[in-house]
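Before I ask anything, here is the structure I am working with.
The chains carry the letters A, B, C and D, assigned in the order they are written, with residues numbered from 1 in each.
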Amino acid sequence: MSEKIVLAELDADLQAAVAATRQKVADLHAELPRWGLVVWTAGNVSERVVLDGVPTALFVIKPSGVSYDELGTDNMVVCTLDGEKIVDGTPDSLAPSSDTAAHAYVYRNMEGVGGVVHTHSTYATAWAARREPIPCALTMMGDEFGGEIPVGPFALIGDDSIGRGIVETLRGSTSPAVLMANHGPFTVGKDARAAVKAAVMCEEVARTVHIARQGGEIHLIPQDLVDRLNDRYQNVYGQH
Amino acid sequence: MSEKIVLAELDADLQAAVAATRQKVADLHAELPRWGLVVWTAGNVSERVVLDGVPTALFVIKPSGVSYDELGTDNMVVCTLDGEKIVDGTPDSLAPSSDTAAHAYVYRNMEGVGGVVHTHSTYATAWAARREPIPCALTMMGDEFGGEIPVGPFALIGDDSIGRGIVETLRGSTSPAVLMANHGPFTVGKDARAAVKAAVMCEEVARTVHIARQGGEIHLIPQDLVDRLNDRYQNVYGQH
Amino acid sequence: MSEKIVLAELDADLQAAVAATRQKVADLHAELPRWGLVVWTAGNVSERVVLDGVPTALFVIKPSGVSYDELGTDNMVVCTLDGEKIVDGTPDSLAPSSDTAAHAYVYRNMEGVGGVVHTHSTYATAWAARREPIPCALTMMGDEFGGEIPVGPFALIGDDSIGRGIVETLRGSTSPAVLMANHGPFTVGKDARAAVKAAVMCEEVARTVHIARQGGEIHLIPQDLVDRLNDRYQNVYGQH
Amino acid sequence: MSEKIVLAELDADLQAAVAATRQKVADLHAELPRWGLVVWTAGNVSERVVLDGVPTALFVIKPSGVSYDELGTDNMVVCTLDGEKIVDGTPDSLAPSSDTAAHAYVYRNMEGVGGVVHTHSTYATAWAARREPIPCALTMMGDEFGGEIPVGPFALIGDDSIGRGIVETLRGSTSPAVLMANHGPFTVGKDARAAVKAAVMCEEVARTVHIARQGGEIHLIPQDLVDRLNDRYQNVYGQH
């Protein structure tokens, strides 16, 4: 995919799907400061563009180093699955998030993932600084994560190591969240909204279990009960 | 009560009482995010419908999996005391909270309870993860709870076990709050507003006593003094 | 002062002073939720009415059990220094805060105090639950409190014991704040604004010193340096 | 610089540069309460006035003891590099922040510094109360600070000791933040926005590392990896 892709030359249907995704991703970024998951310009949300129910080779992500007040549909960046920004996209002047390569790697390597979120949310990042998984001691953890939240390897930004660490840790796990060592949580979902929800819940359980353990010994939930919680929640909860 | 009840066929006075209750319950849901008790779509408030001062066989509760921004009078769900949604109610498309069975069980089994609230508020849930009651070390705990806040059993969602655990723990207790093991607090009150207040105070005392104990040994208040605080508060405080 | 005082029969100048004080006290109540010092209807601010620079026998305080959203100039309650509500005051239906007797006792017994604030702010109340004074480890504590924040006795509501405990603890102290045992902080000031500021600073230093000590041993500031900070701050800081 | 400088007598270009700087500094003050770094009137931001790319002998700073709600372009104070307020500046009635001498000392002694921020943000101040540097355990610390955040000496307000302590601690460090003992953080940057960002990040890492360590042993990042993070972040991140 080294040839340049020009947004205005795309099929009209695909352009419309891109526009709708940019709107969704811009709106979802507001959830990160709202739930206290980010400071300054940290954190990012992306979503793969879907056309007629089929995932395309494009995704939309936050621009790099722009403050949350200034984020809007117009400055969401469109990228190909190898993380290259599409040329002539609006706005042509903004670079995608410095975490774009990690998002792209996840889309290329995890089937069914349509959204990715990264934050440095405080309590989740604190567990990451100890490289300690969050044990499953809450029914809401059973619901959302199906067990402990695992820790990924230490990886430097700049190549595929972060993306590879995410994928290798989450593959075969029920958890949509991974704590990258000394760095912070990445979450995945069927779309960006699901990944944002996982990021919100990840911080909440990181905080609650931390506080629980500060006060004494916690009771873990046996895995067979966790499985029943997770199964019910993934299949029954919400509006169907 | 397995025959279907249709909202539009109810007596006009009862329909008016239902409408007023939906308004109150919708408004009270705003208090949960306001006081930081919930994230995403977690938590729920219900109130029993009262007609001419007499509790009816209906109550109103939050729909399942709907975000706090979208909650309004129109999407509050009307249920019978066995937790069945009333058909043809507005909005007919929404399922009631997944905690509806627990609320219904409480209304069927605790006389005088007109409101129920459930949250996963952080500090209360942290005590619940240790299955440790919150000791009474604050005058405001004496006022509102009349002693320690007790812990209920571990129970899975899906049948009456949560409701039964709440009722068995609160029966004979002065506390309007119970910490369900590894799950979170449920609170009751004469109406939904009183149950919301208990939920707010439960989190505040859970937080304050946790922090107090992190710093060293706390002073408990002797039970006879707690009784005097509780008696005065329940009978004198506020506007009468 | 057992004869009833009627607001509308007071001298016109005094009525104007009362009205101005009600405005100030209503406005200052907004600072308590703003800085996170109160939940639900807890907490209260009062200010002594001053006429031509001379403190009168009246003060204004929050009504009992009214939520912060509903507080306004119209429902601030006017009381005499023995804590009796003035009859025919607007609104005549509201009872003054249940802490009114404590405020009144302070005004009767501490010369120069023109404002009193009471909260259950979390960290200050946590120190109070351990009955432990907050040691002076921060320059901002030296500035505002001139040393440690002392602990007052355990006292039940209902007579003069709370007021007496406040006055006996603060008399001869540089601190405008006292932590009443198992209860929470009371602060005083030359007017209500100064007492609110002391309440805000009290919680902030309670929180900061708590967190500091959780991480290891703190460095106290020697008293001679604290005295220099306090002296400078009380006499130089701000706009003069 | 003991002769009085009169704002209205300055060159028109310099007056315009002063006005633009006052606007920026007023706006940036809103970031301090927004990110929870200050209570009441504490904290201050300053920026050196730059004309045609060349730093001038003037800087703009917050007035002393004014609440954040009342801060605006009109009451930002213009000072010379020795900390003297410019006469006839608007508003002529306000004194500059009591920390002005420290800011001025930094501008006189650190080349390339165009903005300075001071707060008493809770977690950073807690480390300062222990006089303990914040160890580098987070990739975002490597990015922004290039290593640990150092502690400066204990210094009283009133002469050059605070400014000298800041400069001596930061000279030769990659960190734009210093924790002044028992006092709080000061941060520097190429302009005021960079210094505000450093203040926000300083509190966030102070909080995250504190919480991480409360839960057990943390993993430090080896200095060679920190250097790579810092180098990349300072040269690649953001929009260029």
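We take it that contacts are C-beta pairs under 8 Å (C-beta built on N, C-alpha and C of every residue); 3 or more make two chains touch, one makes a residue touch a chain.
Chain-to-protein mapping (UniProt): A, B, C, D = L-ribulose-5-phosphate 4-epimerase.
Just so you know, these numbers come straight off a predicted model, no measurement behind them.
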Those chains which touch chain B and also touch chain A | none
Equivalent-chain rotation between chain C and chain B, CA atoms, steps of 5 degrees | 90
Are the two sides of the chain A and chain D contact the same residues or different ones, given that same means over half of the numbers occur on both copies?
-> different
Maximum distance between Cα centroids and chain C occurs for chain A
For chain C and chain D, let me know how many angstrom lie between their CA-based centres, rounded off.
-> 33
Rounded Å distance, chain A centre to chain C centre (Cα mean) | 47
Considering chain A alone, which of its residues make contact with at least two other chains?
-> 214
Touching pairs of chains, which are they?
-> A-B, A-D, B-C, C-D
Could you please specify the touching residues of chain B with respect to chain A in the complex?
-> 39-42, 63-66, 93-95, 98, 120, 122-123, 125-127, 129-132, 154, 156-158, 181-184, 210, 213-214
Would you mind writing out the residues of chain C in touch with chain D in their complex?
-> 35, 137-140, 197, 200-201, 204, 207-209, 211-212, 214-219, 221, 225, 228-229, 232, 236-240
